[in-house]
Every structure is written in structure tokens, then in C-alpha cells.
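Chain nomenclature is as follows: A, B, C and D, assigned in order of appearance, with residue numbering initiated at 1 for each chain independently.
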Amino acid sequence: MTKQLSIAILGASGYTGAELIRLLRHHPSVAIKALTADSKAGQPIAAIYPHLVGLGLPDLVKHESVDWSGIDAVFCCLPHGTTQEIVAKLPAHLKVVDLSADFRLRDVASYAQWYGHAHSAVALQAEAVYGLVEQYRADIKKARLVACPGCYPTSILLPLLPLLKAGAIDANAIIADSKSGITGAGRAAKEANLFTELNEGINAYGIGNHRHTPEIEQELSVAAGAHVEITFTPHLMPMNRGILSTLYVTGKSAAEIKAILEKTYKDEPFVTVLPGDSLPSTRQVRGSNRCVMNVFAGRK
Amino acid sequence: MTKQLSIAILGASGYTGAELIRLLRHHPSVAIKALTADSKAGQPIAAIYPHLVGLGLPDLVKHESVDWSGIDAVFCCLPHGTTQEIVAKLPAHLKVVDLSADFRLRDVASYAQWYGHAHSAVALQAEAVYGLVEQYRADIKKARLVACPGCYPTSILLPLLPLLKAGAIDANAIIADSKSGITGAGRAAKEANLFTELNEGINAYGIGNHRHTPEIEQELSVAAGAHVEITFTPHLMPMNRGILSTLYVTGKSAAEIKAILEKTYKDEPFVTVLPGDSLPSTRQVRGSNRCVMNVFAGRK
Amino acid sequence: MTKQLSIAILGASGYTGAELIRLLRHHPSVAIKALTADSKAGQPIAAIYPHLVGLGLPDLVKHESVDWSGIDAVFCCLPHGTTQEIVAKLPAHLKVVDLSADFRLRDVASYAQWYGHAHSAVALQAEAVYGLVEQYRADIKKARLVACPGCYPTSILLPLLPLLKAGAIDANAIIADSKSGITGAGRAAKEANLFTELNEGINAYGIGNHRHTPEIEQELSVAAGAHVEITFTPHLMPMNRGILSTLYVTGKSAAEIKAILEKTYKDEPFVTVLPGDSLPSTRQVRGSNRCVMNVFAGRK
Amino acid sequence: MTKQLSIAILGASGYTGAELIRLLRHHPSVAIKALTADSKAGQPIAAIYPHLVGLGLPDLVKHESVDWSGIDAVFCCLPHGTTQEIVAKLPAHLKVVDLSADFRLRDVASYAQWYGHAHSAVALQAEAVYGLVEQYRADIKKARLVACPGCYPTSILLPLLPLLKAGAIDANAIIADSKSGITGAGRAAKEANLFTELNEGINAYGIGNHRHTPEIEQELSVAAGAHVEITFTPHLMPMNRGILSTLYVTGKSAAEIKAILEKTYKDEPFVTVLPGDSLPSTRQVRGSNRCVMNVFAGRK
């Protein structure tokens, strides 16, 4: 077994933090050394998430109480907008994986436009690597700061990037119709996220102005070698987990497109191109870090 | 057709108000003349509940803007604790049906104990009638103020009151295990009521101290002619509507108990004792004002 | 009040029949005189659907036991493929509303291709009227046989027909991404329709070959005055009721398109174009015969 | 690391088999060598359960194709009633863990009464150990045949066995009101298990005659040292996983009862007595092999 990495999770009391604990808890190369949550410091994590009881996890502490000298890497699960200043002040020896949106957009002007305030760590942004492993594996290995991709972008970029690189689809006619479970909205107490407002129904939201749009277009443009704009419609539906993105493209045949994807992902452990006419379902990946996909002709 | 009653709904922007509109909208004897909602005055009700669009309903207004002279009856859907003072100031010619808990407990000392503050309309309380129609029909017809029963109490009292009156069950060994949908918790934005906190699970809550306990015991005691205490465990489960109360009693045989209930409810339009071994399900009454029940021996 | 129509429902024990009973039961112009269900003849309908208990409905009978002389109109809720022969043998004085797919396709060759067997009532097909009320109201009034539109087609045709008629959108670039609740799959006991197979997930199905495709294209072609093909992707998601169709079109501006829809539907009781940026949700129409829609620019 | 056990799973294509694969797949001491499923032999398991794709699992084979010489232990996930004969014919060197109900009842007469046919492996039954680990750990270690407890019995026995052994509760006044998710009903295509029949509702079933009753009473009687009968009411509710059993007992105080449970389970990795007034929820254990519990006074 390789040496274990000692890690800290910042903002461990939100859904992102709790899920990260669940995934890393059994990882043979990781030792969880510190969990921070300013407003809930002093409590065991199991007081907030009882499913984490009895796992030998450290109690929640305030950010300033962490002894960084024993930490190798930090996972940052803080809200959007608060992360830039915190990451900028972390000791230089730490590797940082940020799960917020704060370092995903390379263009700080675009960040300011979509998030409504100036970027406050421009120098750090310049060295951040977009953390889509299947795309930027080599860069991620060398990076000090990794910006984890958003949920919708991941579901849209994994299928489309290889196709744009190969020139197999028309970059100017992409439609992404995405259906998401509710945990993506986080744990904030808002009327729109009540059980009674979301159960037994579906609706689109953020049509034409969802903040994941510039992130998706940034990476599609890199792959296409030209500025790409997409039509992106996110929907909220009554399930906890998972995203299904139904992507409409024009270009090469379904068989040719599928062959490109199969070749790209044949050795990737977390991305699977399904065989034959097998239909992708979010049930197949729920609760995991996996992605399944398939390609179909629009008409038979 | 009899003359239509002109009615107003106070606090029409909560779930109770919206549901009342849905039920009364098609009632041939009711004309909805005013809807109040102080914080949302000026808006059409369909701006808050789009399913009520296009029904010719009056816009939401502030309480003080209502012209009471044209109103015959008021349905009060305001939060617990705020209702007593408002009802006390309504013009005397109005019939009032209060859907909050403010007038359900005849004993104002019990009210103060369970709700944490003194009753502020003691004289009104003295004339309030507990609005369980199958039990108090004659009184309700003459009443000026009707206190609508709570959701859990309705599901527990309809089966048990006739049995206690008939001396068919032991009044001191009643257990009520109730399972409720989520709309009963209202529309307040609380973390505990988020979709992600309630979906795919069940838990008990308020064990031994739910505020519906004194209301249930008040009516059971009237029927038994003696002080009755029960064991009551409410549960929250992932569905919008409906309550299933599984009631455990000792006393006469299941057949005798069923015969009493069948006799009691044979002419009641909204209460049905199911035939044979037919299993009651909340799906059979969801979205209606009906109650179905059946009786089973604990062991066959 | 106008004279009541005496009606019979054929195949009343399926979900379609049960829902029709629920809707017609309170209709002031309809009297339900007969309910047929061959395999369950002799039972009360409430034995199969307990929510219909106590409504004074006739018991289920075999088809051949119905006295047609007292019936004015028939609603036919039988499975696809069995309906043509049965309707062909009904007495000539009956008006027939068929809720199956058996009379929706005007082209019997297309029917044979998509449904896998020859049409067995070609003459009747010639006189059938496609029952989209907002489109064919005058014809429906005079028709002897009305073919009720499918669920997906209704959700797609109501918005698109007026736009194609007005030449406001490109007829050759329509994408319909539809999300459906589960009751549409009917009550047949299939593994794919189990709770455990459908809960907490979403998947597309029937991509490029769903049987509603020719029905949708038939009506779009009539409106466009030319042959239209669409891209149609249906999805199954975990809710009982409702369909959301997200339609992607190119052509006139969102504002112009919305103006056409508003003008078309301003006096229709069951179709509503939502005001402003209000987002359509299936929750707004669940359990009703209503349709709400809105128009959004793909990019802001 | 200890030597890995080579195991086979019989009946791997049902829900029980799939879940066992999920749990054992990452177990460091287990190597999955064979998966049987007669009707689906020849297929990869991922063709039936796509979430198991890419894990290097053996393909499904017929029972008779397994080379038992390389297998140390067998997990048997076959339907009730078919298992006895199959297990009786397995080679003697195999350890067998049976997940069906076929070996849970020590009294073969009771088995015949509740399951409707004679036990066909009486000698094997005599050596079977009831596999509730917290209760029979030492016996299980030595056993050749382990009968896995049923789902409801596990949720009821873990809290009650220590209390009956300690004489802390009245053995003749136990009520178990259990609420279960739907996967427990298995993958058979039955109308009662359709999404549309189970979503948005709850109902009791098997009242007084559920087949888990004799299994529960068998173990309670052992612990009490006398014949025990209980009142057991199972309910089906709309979630995939988990059981909540609300248990009503009389006897010592809640604090004394809690102390007994805390002492019993303080070193058990999979059973947790929650601290303070923390409410058990099935969400805390969903998808795991854990059990959480707490004790509350019926009245405060």
C-alpha cells in the first residue's frame, strides 16, 4: 500500500462534505485528519449526519484551529463566493481540491459577469486546473489547485469533448436537456427545495441563464478550437441523486460517434459506454462517481 | 339550488388555504368573495399557486381591506397562535371556521401548557365547537365558531369515539401509530422539510410530546366518560398527502368492533368501513376529505 | 341544465377507465349507465379501485350484457389492437370516444407499420376525427367516432400546431424532449414498471421508435402543409402523473412565438400560457385535463 | 491480510444476489468465483444490473456448471421453497449461508404450517444456525449452514432480545409496527408492486398472518425462556430500502431499557444505540448492513 495522504475537509457539514467523507472514508490511500465547519465546531460530524456515526472521524473544528503542518491535501467544500479568499490564505505546501465554482472559469471577467462580483484571487485562478480527470489527468497530477467540475458540466463534457476534438459533431447545434436530482441544490432551507414543492412533478429552471453555462462552453470551446455556445436546459425532478443529460447533436452517424466514445473511454474506470441499445439510467450510477452513456440515432 | 354562502378565506397563501380553495371552488353552495394574505396582498392567488390560474378567483388582499358586510362566513387558515386575536375582532354576524389549533382545546390551561402562551380569547373559546362533523353535527349547525380538528386527531377519533362510547375497548391501553405525508408540516422553509431530508426514508418524531396529544385525549375522554391517556407516535414519510393511523386496542372481538363502526358510519358520506379484509390505504382517499377504515384481529 | 348524456365505459377496470370515471362522475351533463370489464364482470368497480367506493356507480358487466338502447355515447378504454373490431360492431346510434391508439392514424398503412398488424376497421378509420379539441372542435361536434390523442402528442401538439400554421418556426428542426410519469404505462404487471425499477432514477426509452411519433408527425404535417419529421425522446421518471415536454424550435423570437400562443389560447378553458417568466411545472396540472406552457429564449 | 475465501452466489440475478455482490465486491477477504442464475445463464451480470458493469465479475452460469472444488463457501439467494433440496445436494465441504426463509424455523411442523408444504431437508434443518450475528456469533463461526434472518425479524429482534433476556420488559405485551421499503418484495412482476400502485401512499398488509411472525416469536421465546406471541403489523411504503420498526413495550423505565441496549451493543460495529433524544431514521442506514435504535418514554 502506498503512503496515505493526510487530508482535511473544509466545510464538512454540507452535503458535499458529507458525501466526500463517505467516499474517502474507505479509500485505502487517504486518512481524514480534520473536518472544519465554523458554525458547528465542537460537534461530532455524526451529530449532523447520523449515518457517519461510529467511523472514528475527527470532530468538527473551526478553520483557524487546524494544524496544517500534518496535512498534505485539502478538499474545500465551502459555498460559492467564499472560497477564493480562504484558499488564497492556505499554506503553500497544501494541495487543494476545490469543489465550489470559485476557480472553474479561467476568464475572471466571465466569472464576474456570471457570479455578480469580482474574482478575489486572480493569481490563484491562473494556476488552477479544471479537474475533469479524463481530460486533464496529467495537469491534475502536477497541480496545486484543482477546480472540481460542476455536476451538469461533467455530464455534458464527458460525452461531447472527444466528439468535438474529433470534429465529429457540429459545434454550433448542441442542445443539452438535463434532469437533476435535488441534492445538487444543497442543504439551504429554501421554500423551493421543500419536499412538498418538488415531489410528484418536474420543471425546467434557469433557462438560458444557468451559471454552469459558461463553464460548459469554456471546455467545449477548448475542445472545438473555437468559441462554442450551447442550448442548455436544466430540470429539477423528484429523486435525491443523479443527472441525466440528453444531448442532441448533428454530424457523423450514431455508429461513428459511438466508436469514438468507446475508443476514448475503453480504459477509464469510471466512464462506461454501454453496449448495444442498453439505455443509460441514473439508477446505474446513483451514489457513485461513475458515468454511463450511449448513442442513439434520432430516427430508426 | 340553495342560496350561496359568500365566504372569505383568511391566510389564503398557505397550503391549507390553497387546498380549501380547491375544495370550495366547485362547491355549488359557496361563492369565494375574498382571499387575504398580508405579505402577498395585491397578487393573484395563481401567482403563488399556478394550479389555481383561470378560475376567476379574487386577488389576495390585506385583512383590513375586506368589506365584511358582504361576507357570510370566514375560513381562517392563519398560523397557530395568531388566530385568537384576529377571530376575536371579526364582526359578530360572521360564521367562523378556524383551521388552526387555536380553539381546539376546551381547557385554556391545557392550551397554555402545550402551546407555551396564555390563550388570548378565553370567552370565544367557551363557545367554540369542535368541528368533527360525524360527532358534533347538531352543535356545528348552530355554532358561530367551529374549530376544525387536527389531521392526526381526525384519523384517530373517527374509529375510536364510537368504540369508547359503546364500551367496546379498554380506554387505558390505546396505541396510535400514525404515518403522515409532508404537507401537514406546512410551507415554512425549514431544513427538516427539504426534499433531500425526507425522501427515501421514515422516522418518528414528537414521541410523547406532540401537540395533537391533548386534543386527541380531550375527545377520547368525552366519549369514555373518564380521563383517557394514549400512546401516540407520529411518523413523517415521503408522500405529499394522507395519514394512516394504525390503532392497537384491546376489548371486544374484531367482528364486534367492526359491527359497531359499520352501524355508526353506514349513512356517513365521507367515512367508509371497508368490506371484508380489504386493506385501507392512503391512496384511496388522497386529495379528498374522506376516511376509510377496517378492523383486523391481531392474530389469525 | 341541459339533458344528461347516458354513457357507457368499455374497459373500465384499467387506469384510463378509472380516471375517466373520476372525471365524469361529477360532470353535470353525464350519467354513467354501464361499466364493462370482461375478466372482472360481476364485481363493483370499488373492489378494484377503492377510491371509487360509495359513488352509486353501476357494477362491472361483460360487454355483451350492456343494453345499448339506453346509451347515448360510449367511452372506449380497451387496449390497443383490440378496439377496432369492438367499435365496428357497436350500434350505429352511439357516439364513440376511443381512448386507445386504434383510430389515431389516418393512414392505415402507417398504422400497420407502427403497430405490426393490419388495421381491421378501415371504413371506420375514414370517418374518425382526431380528438384534439382546441384544433378540431367543430369536427368533433359532428363526429360519430372520436380518436382521443395520445399523452405525448397532446403535450407537443398544443404548443406547436399554432406555430406551424403561422409559419413561425422551422418545421424541420423540432426536438421534443418529454418526461412522463408512470401511469401512462398502464396497470400491466411488468418488471420494468415495478416501483423498485423506477423509483429514484430517470431514463430515456423508445428513442427514435416510439409509437407516438407517427401520430405527432401526422398532425404537425397537417399544420405545416408539408411532411414533418421530428426528433422525439420520451423519458420515464418517478412520479404518477403528468408530462413535461421541453420543445426546442428555431424561427421567430420568443416574444413573437409567445404572442401567437397567447392569441390562440386566450379563450380556451384548459390551456394556459403562463405570464412573464413563470415556469411550467407538471405539479400545476397534475390530476386535471389542463395544459400550461411558456416560451423562453435559449440564451439571455 | 487473511486468506481470501472463494465464494459462489446461487440465484445471483434477484435483488438479494445483486445486493450481496455489491457488498462483497469490495470485501478484502472475499473473492467472487461463481454466479448462478439458471434462466439467465450465459449473460454477464451487468446485462441484468448495469450498475455492476466493469467490476471483473464472472458471467452467470447454470447451477450444474459450477466447479465446487474451488469454492469455499456459498451464498444461497434462491426463492423460498426451492432452496432446501438444492442445499441438501451441495458438496459437504461447502459452508452455506442461506438468505431465503427455508432454514429459519427450527420446528419443521411450524415451517409446514406457515409455508404450506412439508420441509424437505429435515436433517439439514437440525444443524442450521440462525444467523443473527450479535446473538449467535460463536455458533455461526462453527456452523456449516447459516440461515440468514428475515428483514422484519432483524429489526425487531436486535432491540428486544437483550431486553427479554434481562427480564426488563413484559414478554406478553409486545407490539411491533413495522414500515418497509419495497425491495423486500423482490423483483417478481406483480400488479401490487407496480410503481403506480405503491407511490404516494402507505398501507398495512399481512395483518396477523405474515410469515415472519413465527420466526420472530421463535427467537423471542428463546430469549424469554417461555412461549412468546407478539402483535406484528407490517406496512409497505414508497421508498426502496430500509425498515423502521416502532416497538411498543411495557416494563422498566426508558432509561433502564436504554442502558441495557447500550451495554449490549457498545462494541458491535453494525448496531448503534443513538445518543440522547436523537431520532432513528431509515436514511441513516439505507444501503448498509447497519441498525440504529433509540428508546423513548411514551409520555413526557
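One rule holds for everything that comes next: a contact is a pair of C-beta atoms (placed from the backbone, for glycine too) under 8 Å apart; a residue touches a chain by one contact, two chains touch by 3 or more.
Worth saying up front: this structure is predicted, and the values here are computed from it rather than measured.
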>> Treat touching chains as neighbours: how many steps, at the fewest, connect chain B to chain D?
In response: 1
>> Taking the mean of the CA coordinates per chain, how far is chain A from chain B in Å?
In response: 45
> With chain centres defined as C-alpha means, what is the inter-centre distance between chain B and chain C in Å?
Replying inline: 37
> What positions in chain D touch 2 or more of the other chains?
Replying inline: 197, 199-200, 238-240, 281, 283, 286
> Mapping chain-to-chain touches, which pattern fits: line, ring, star, complete or other?
Replying inline: complete
>> Looking at the complex, which residues from chain C come into contact with chain D?
In response: 15, 182-183, 185, 187, 189-191, 193-200, 238-240
> Can you name the residues of chain B that touch chain C in the complex?
Replying inline: 26, 47, 50-51, 53-54, 200, 269, 272, 274, 278, 281, 283-288, 292
>> Can you tell me which positions in chain C touch chain A when the two form their complex?
In response: 175, 177, 179, 197, 199-205, 207-209, 229, 231, 233, 235, 237-242, 244, 246, 248, 279-283, 286, 296-300
